[in-house]
Every structure is written in C-alpha cells, then in structure tokens.
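Shared chain: subunit A. Partners: subunit B in the first complex, subunit C in the second.
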Partner chain A sequence: MTNFFFNLPRQFIYLIIALAVFIPIILGMEMDVIPAPEAEAVFNIIEDLPDGSVILFGQDYDPSSEPELTPMTTAFLRHCFLKKHLVVSVNVFTVDGVGLGQMAFSKMEDEFGVVSGEDYVYLGFRPGVANSIRAINSDITNYYKTDANGVPSASMPIFEKVKNGKDVDFMLSIAAGATPEAWILYGASESGYPMAAGCTAVSFASYFPFYNSGQMKGILGGLKGAADYEELLVRNYPEMKEKSMFAKKGMVSQSWVHILLLVLIILGNISFIRERAITRRGGKA
Partner chain B sequence: MLNFFSNWVDVIGVPGEIIGYWIAVGLTLCMLSFLYKDNPFFKLAEHLYLGISNGYWLVYVWQAVIKPELLGRIIPTYIFDPLEQTELYNQDANYLFILPGLLGLFLLLRLIPALGWLSRWSLAFYIGWGAGVAIPTYMANYILRQATATFTPLFGMGNGEPYSFYINNWLIFVGVLSALVYFFFSVEHKGVVGHVSKVGIWTLMLAFGASFGSTVMARVSLFIGRARFLIEDGGSGTLYYPFYIQLALIIIMAVILYFVGRGKGPAKPEEGSA
Partner chain C sequence: MQFLKRNIPVLIAFVMGIAMVCQYYIPSQASQDFGSDMNIWTEIIFAFALLIGVQSLIHNHTNKIRRKQVGYGFSWAVIISMIAMTIAGLIGGGVDNTKGMYFWMFQYLQVPMQATVFSILCFYIATAAYRAFRAKTPEATMLLIAAAIAMLGRVPVGTELTDWIPLGTFWANLRMEIMTDWLLNIPNTAGFRAVMFGVGLGIISTSLRIIFGIERTYMGGGD
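Up next, the complex of A and B:
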C-alpha cells in the first residue's frame, strides 16, 4: 500500500484534479459563498459613495492572470456602473493586458450602455509605473494625450470633472504584480485618495500588512475575492442574478480540488511515516 | 485573439470568431500537454505566445507611446491627423522632449560596443531619479506607517472591542518582535534570544504556509479559468455548438495531440552520459 502511493504516476494526480475541476463546471454546480470582511469593505466603499463619484481603476494585469482577475474586474465595473460612477482606468503593469481592459469595457458598453469619454475612459498603458502614477496625481490629460484607442483625451467630457488624483474618490488596483504597492507609494500617499487592491491569490497574504495599517481599505484576493464581490453584487442588486457570474461557479471546482489536495497530502504523509517506521525496524518498505 | 478573428468573418463559410475559438482551444491543449511530458506541441504554443507578446509590445508601444507621446510632442504636425486628431495636431511643439528621446536612444547603444558607454548616462539618470522619488515615500509608507501599525493596544479588554481584536494585536506584536529577533545576527541565538528566535521561525513558517496555500489556490484558479474557456467559449457563456459536440471535439483533439506527440519529447540523457 505504501509503495502504491509512492509509485503513483503524477499524471494520475493531474487526471483526478482535472476531473474535480471539469465535472462541477459541466454540471453547472454552485455553492454558497460567504464574503470575506476585506472584500465587503471594498464593496461598501463603492456602495456608500454618492452616485457619479470618480473611481480610478488600475487594470494592472495581463493574460497570465486573466482567469482570476477578469471576473473580479467584471464584478467591480458592473458595480461602478450600477452606481453611475465615473471610471478612469489605466494599466501601469504591462502592454499585454491592454486588450483585456478593452474587452472588459466593451462588455460594460453592451451591458450598461456606457460611453467612452463620457462615463468612463480607458487610457491604456504607458511605460514606467512610478511616473505614470505620479503623472495622474498632477495632470492626467497632459500625460495621457490619447486613450487606449488613440482618441485625444483632452476634449473628453469626463475630464471636465477629473483633472488629477485630487479629484479621485476611490482607487482600486486589480493587479497581477506588485503595482498596488506602487499605487500606495506614489498615488494614494501623495494624492490622498483611499484605495484598495484586487490581487491574485499568490499575493493575497502579502497585502494584509497594508490592510491592517489602513493603507488599503480592502482586498479582493484571487478567484475567491471575485466570488465574494459577485455574491455581494447579487445580494444588493437582484437583477444581477441574470448575469454570468463565473467566479461563484468556479468556487465548487476550487473547493473540490482543495479537499482532494488535503486528502492527497494526508495520504502521502501517512505513507511516508509508515515507510520510515518500517525502515527503522529494519524491514523492507 | 478572438477579437482579431471576429473581424475576419466568413473565410470558409464559418464565422471568424469560431475559427479563433478553435485555434485557442488547440493552443490551450498544446500548453496542457506539458503535464504529460515536454513535446513539440507545447514548444510550438510556447514560442507562439512569446512571439505574439513581443510583437504586440512593439506595435503598441510605437502606436500608443512613442508616436503620440514623444514624436507627437516634438513634431505634432507630422504625426497627427489634422482632421481626426485636431487638438493634438495643433499643439505647440515641445523640443524639451528631444532630451528624454536621446536618453532612450542611448540605452539602445549598448548594442554598439564603441558607443555603449553612453547608455550609462541614461541609467545614471534613471537610477538617480528613481532613488530620489522612491526613498522618501518608501520611508514614509513602508517603514513608518508599517511600524506604527504594529503599535496596537494589547490590554484593555472590556472596553467595547471584541476579544479577537486583542488576540490579533498580540499575534502581530509577538510575530513582528520574534521575526525581527530571528534576523538579528549580532547576538548568538542562545537562551532567551534562542527561544524568541524559534518563535520567529514559527511565525515565518506560518507566513510561508499561508503564501504557499494561496499559491496553490491561484494555480487551481488558472486551471479553472482554462476549463471554463474550453467549456463555455472564452467566458462569454454562449456555446457555439451543442456542448456534447464541443466536448467530443476537444477529446478528439487531445487524443490526436497525445498520439502525434508521443515519443517526440526531448530524449532523456542516458545514464552515465553526464
């Protein structure tokens, strides 16, 4: 039995993990999600801001983190546009993510009828994290002469209300890398806007010191953070039930895999301890 | 990629979006085939990803950065369309932007050994600017704010705060202090210092455990995202074909990839060859 676990081909483990992921999605299984307090904090800030507030949104990710962060972006933007907030969005992380940003806003145009340059603007990517963020603090349209589609920005109606970081009411950086820290260092600390982070699950634990210190007002962590936000959206806006909420659906697969991994870790350790005991007794494992 | 193909409609009587979708499905399976073993299909998909990313970088940076933000500010009348980008066309030329442009060019001169030394000017400027901007804000936000956040009330239960508040504060206090002691190498870790540094090790292990658990969760999420794409057409939730046809085609593609790729991975080094 011990040898069975040690000799288990790794492809077999991949196969059962694949089954644990695919089956719940194919069957359309769903489960209850209990929102975490740090996700609820982000939702409540957006909810409590008066309609038409200015949201600065850092779409700081690329395709390698798309499965985790796109559902988060979709849920967050839906909330912003339900509240009729103005969204100014940039990508300070990488060029590769610009297409995803354009797709996200194009989806919002279809769902809410929002117009680029009036209800939102997606300014795309410019190289240099620190200088991009600092330029937003002082004069947005002087630095971002055009939006991501090459349309001149200075004459856009949205910039009559938003000149620089001082006009921002809340900032969220949904990020694959460490850009939320850059937004704290060069953005929030200089312009004074409250901010939060949406991040991959890998970075989730490392942002808690900033949450504890109050430098971040909330955190959305990985697919679970996205599922939390979707759950809060559905609870507060029942019409959102009709929309595709992928993160919530993904939670069943996520839970199945976690249970599976726990079982495998326990079995592996039992096998290891048993083999060690046999070897110490001088027997053959 | 799907957007690209959506504009490329009806090439062979099939909407371009569907062609794009199936290419993406094929490439996804090529990438996942690495789980079995390294093979030419994985290499093909990997190289395509790198090539397309770099091509996209180059074109985007030229179109969205160098053209409008650098050349457009120096010679706007040559760069912008007078009818569609009137306000940019009419802006005054700002010749100061020649300077950062030159510094950027100097960086590329590393490719010419005789002139490579000029790239140090650019790097010196960049590092000097970066340090000047970063050091004060790092001090304020990383050290002072974080240190302040550890000065939390440890006593005073019954003042309205829940017990969990004080438990958290004690954990932060003990964890930060013991981890700092662990990294204090000027004193030998014996006696009280040794015990405290052991607590520090445990604190670090717990932090690493939390990070590792989160990393596993993240990797599973990525796989869930790909699974969603394979089943639900890239997240839009609209199936192009009935699901059973789609599933059958995906399985057929996976089986073909398996059999064609079988035995084509890099040869294992023979024993003793090293």
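Up next, the complex of A and C:
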C-alpha cells in the first residue's frame, strides 16, 4: 500500500483530478469568496464612475482561454450595463476571438436589452496590436469603418460621444496574451485613460509590477478574479443573485484541485526523501 | 541578385524603422497621417502573410499525406477542417452572421475543442507536480513553500483554513490571503520588474540590430 502512494500511476492521478473537478460542478456546490484587493479596485472604479461613462473594453482572448476568461467578461459587462455605461469593445489579440465577443454581447442584449451602436459597439479585430490601439487614440471610426457585424460605424449614435481615446473614462483588457502591456504602452500612456487588466491565472503574477506602479488600477486574475467580481456584483446588486455565476461555482472545483495538487506534491517529496535515504544507505531505491 | 535579396530588405528595414521611431515622437497632423497610412500598409502585409501561411500549411500537410508519414491521419483532419470552415464561411457569412453555419461551427466545434485542449493542461500539471516538484535544493524548497502558500491563498478553501486568525493583529500576517498578497506584491513584483528591464533592453538592442542591418535572420538563410 505504501509503495502505491509513492508510485502513483498517472491514470490514477488523472482520475482523482477529474473527480475533484466534476463532483462539485455536478452537485452545484458553492463557497464564500473573499475578493482580492486588486479585483475590488477594478469593481470600485466602474462603480464610482458616473452613469453613462465611456468604457473601452479589450476582449483580447481566443477560444483556448474561453473557460477562464468568459466568466470575467460576463461579470464585467453586466456591471457596466447595470451602471448604464457606454461600452466600446475591440479585439486586438486574434481574429479567432471575435466570435466570443459576439457571443458575450449577444448575451448582454438578452439580459439588459442593450442595443448595438447605441449602448455598446463591438468593433471586432484588425491586424496589428500597436496599430489598432494607436488608431483608437486618434480617430476610432476612421480606422474601424464598420463594427464586427459589418454595420458602418460613422453613423452610430455611440460615436457622437466617443471620438477617440481621450473620451475614454476607463479601459479594461481581458487578455490571454500580453496585450495589456501594449494597451499601457500605446493606449493609456498616449490617451491618458486609467486602465486595468484581466488575465489567465498563469499570467496573473506578471502584471503586479504594473499594478504597483499605478499603470494598472487593478487586476482580475483567472477564475478567482472572475469569482471575486461576481461576489462583488452580488453584494452590491442583490438582483444579480438570480443570474448564473459560473466562476463562483468553479471555485469549489479549483479549491479541491489545489488541495489535491498540494497532497500530490507532499507525497512526491516524501517519496523523493525516502528514495534518497535508501540510496545513501546503499540499498536499492 | 545579392542586391535584391540582401541590400533592398536591409534598406527598407532601416528607412521604415527610423521613420516609425520618429513618427511616434512627432505630434503633428502630418506625422499622424503618415502613421495611419502605415497602419493600412501593415494590414496589407498581414493579408499576404496569411496567404503564405495557408499555402505553407496545405503544402506541409499534403506532403505528409502523400508520403504516409506517422500521424498523417491528423493532416487529413487539418485539411478537411480548413476546407469545411472555409466553405461554411463563404456560403453563410463569417462571424458577422451569428445565425450562419460558420458561427455555429465556431460556437459548437472550435470553442469546445480549443477549450478542451487547453483545459487538459490541468491533468498534466498534476502529474508533473507529483513527479517533478521536489525540494532538492534550498532554492527549490523556497519556491515550493511560496507556491503552496499562493495556491492556497488564491482559493476559498485555503483562506478558510486561516480565517480564524483575527484581523488587525500581528498574527493576521499569517492569514493565507495576506501572505499571498505579500508574496505577489513584494518578491514577485521585484523579480518580474527585473525580468522586464532585461526584456526591455533586449528588445531595444534587437530592434537596433535589425534597423542597422546587423541582425538579418528575419530574411532567412540562417545568417
């Protein structure tokens, strides 16, 4: 039995991880979430802006990161539309992600009755990260002649209020890659809008230098960042309790997987120490 | 031939490199217009690069199929998928038509498949953590302890482990979420900042090497 724990077969590890992921989701388990300060900072900015402010939203991810980043997008857009902010959205990361942006805004149309061209506009993708961001700084409709549905942008009512980056009150880039850095370099530094980033858990730590220097006002990191945002939404808007909150549900699975990983690391290290002790004694590991 | 293959590309890289650096720092309208024109040129180049990419992909996979190389069945999958998505896009419109066949295939085939492949990482990380995350040296042990704290501090079950420690006291520093915040804000920020300075200097030196024609690997040929 001891030997089994010290030489766990790969398939056994896959099985217990799968159980840790699926059982909480199937049973619909939930846990209380303590929002992180960097997520609370993003929420407070949106909350404190006067109704009808202009939000620039970089939906900079593709289907690979959809499970981790779509809950964050949904929570953020819900908050924007609850506050009746105007949302101008683009994807500067990849053409693959445009469909996801369409799906997110279609969901918002169903939930809040927002109208494309009036309450929001989704401009889709054009190649070149720096080019697209710098074009937004100078003249949005001159560069994005149509939205992602092919509708001409110049005649849209939303662009009577939003001409370029100078009119933006806050920017959030939810990204699978390094586009938030490009938004700082070419967008926020030129147009002067405050900004924050949403990212996958693996890139979360890399944005802290920007957060601590004030170049980013907040960070939403991975599914936990989305769960934090959902928690803050529910606390401030109790009617949101009725909506599907996927990230909070996912936190139970993530909790158990993290605990399992720790147990596996401890077992692996005990096994390593044991083998080293046996080798030193001259025995066979 | 040498002139066309080597000197002209180096000259273009030099002129455009210097022009774009100057354009960034000149706030006049003429400079802005020049920048906008260059944006359009970049898109045209992207479009040609895409064509070359598609041609290269088809060439590579048809070769594999013709030679019946190991795993050539996957090459069939690539080509059939590419043709199917192209036809669906041409007949029913692209992502601009959310009721079309292309969008349906994107939503119900591409998104779940790509998300699944990425999600499988979780299983590999678990086995890798068990087999490779060993406290072999003092540095590895520190990394292991920091990772364990961060893993617990970022999930509700971890924060619940230490939520009995009262806030506002010295002992509150031992709460999981507070230790995690400290790790992310102090040692992690310092480390990443150092890495970013290094990367920044590397980007500047590589850019200068390309602009001045010292770095020519982008032209192929390995020199």
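Structural remarks
Following the convention adopted for this analysis, the second predicted complex is superposed on the first by the 279 of 285 C-alpha atoms of A that agree within 3 Å, B and C clash if a C-alpha of one lies under 4 Å from a C-alpha of the other, contacts with A are read in each partner's own complex, and residues count from 1 in each chain.
Heads up, the rule we're going with is that contacts are C-beta pairs under 8 Å (C-beta built on N, C-alpha and C of every residue); 3 or more make two chains touch, one makes a residue touch a chain.
Bear in mind that the values here come from a model prediction, so they are computed numbers and not experimental data.
Contact with neither subunit B nor subunit C is seen for A:M240 once the two complexes are overlaid on the shared chain.
Using the contact criterion defined above for the overlaid structures, shared-chain residue A:M29 touches neither subunit B nor subunit C, since it reaches no partner.
By the document's definition of touching, neither partner reaches A:M156: not subunit B, not subunit C.
Residue contacts after overlaying the shared chain place A:P37 against subunit C, while subunit B stays out of touching range.
Of the two partner chains placed around the shared chain by superposition, subunit B and subunit C are both touched by A:V21.
Of the two partner chains placed by superposition, subunit B and subunit C are both touched by A:P127. Contacts of A:K145 after superposition on the shared chain: subunit B is touched, whereas subunit C is not. Looking at the shared chain after the overlay, A:V98 reaches both subunit B and subunit C. In the superposition on chain A, contact is made by A:S189 with subunit B only, not with subunit C.
On subunit A, the patch touched by subunit B and the patch touched by subunit C overlap at residues 14, 17-18, 21, 64-67, 96, 98-99, 103, 124, 126-127, 134, 143, 148, 150, 201, 204-206, 209, 212, 221-222, 224, 254, 257-258, 261.
Remark: subunit A residues 8, 10, 13-14, 17-18, 21, 31-34, 36-37, 62-67, 96, 98-100, 102-103, 106, 124, 126-128, 131-132, 134-135, 138, 142-143, 148-150, 201, 204-206, 208-209, 212, 221-222, 224, 251-252, 254-262, 264-265, 267-269, 272 touch subunit C in the complex. Put simply, subunit A touches subunit B in their complex at residues 11, 14, 17-18, 21-22, 25-26, 64-68, 70, 95-96, 98-99, 103, 124-127, 130, 134, 143, 145-146, 148, 150, 152, 154-155, 184-186, 189-190, 200-206, 209, 212-215, 221-224, 244, 246, 249-250, 253-254, 257-258, 261. Within the complex formed with subunit A, the residues of subunit B that make contact are 3, 35-36, 53, 56-57, 60-61, 63-65, 68-69, 72-73, 85-88, 130, 133-134, 137-138, 140-142, 145-146, 148-149, 172, 207, 210-211, 214-218, 220-228, 231-232, 235-237, 243, 247. Only residues 32, 35-36, 38-39, 42-43, 46-47, 95-96, 98, 103, 106-107, 110-111, 113-115, 117-119, 122-123, 125-127, 129-136, 144, 148, 151-152, 154-160, 163, 177, 181, 184-185, 188-189, 192-193, 196 of subunit C touch subunit A when the two sit together in their complex.
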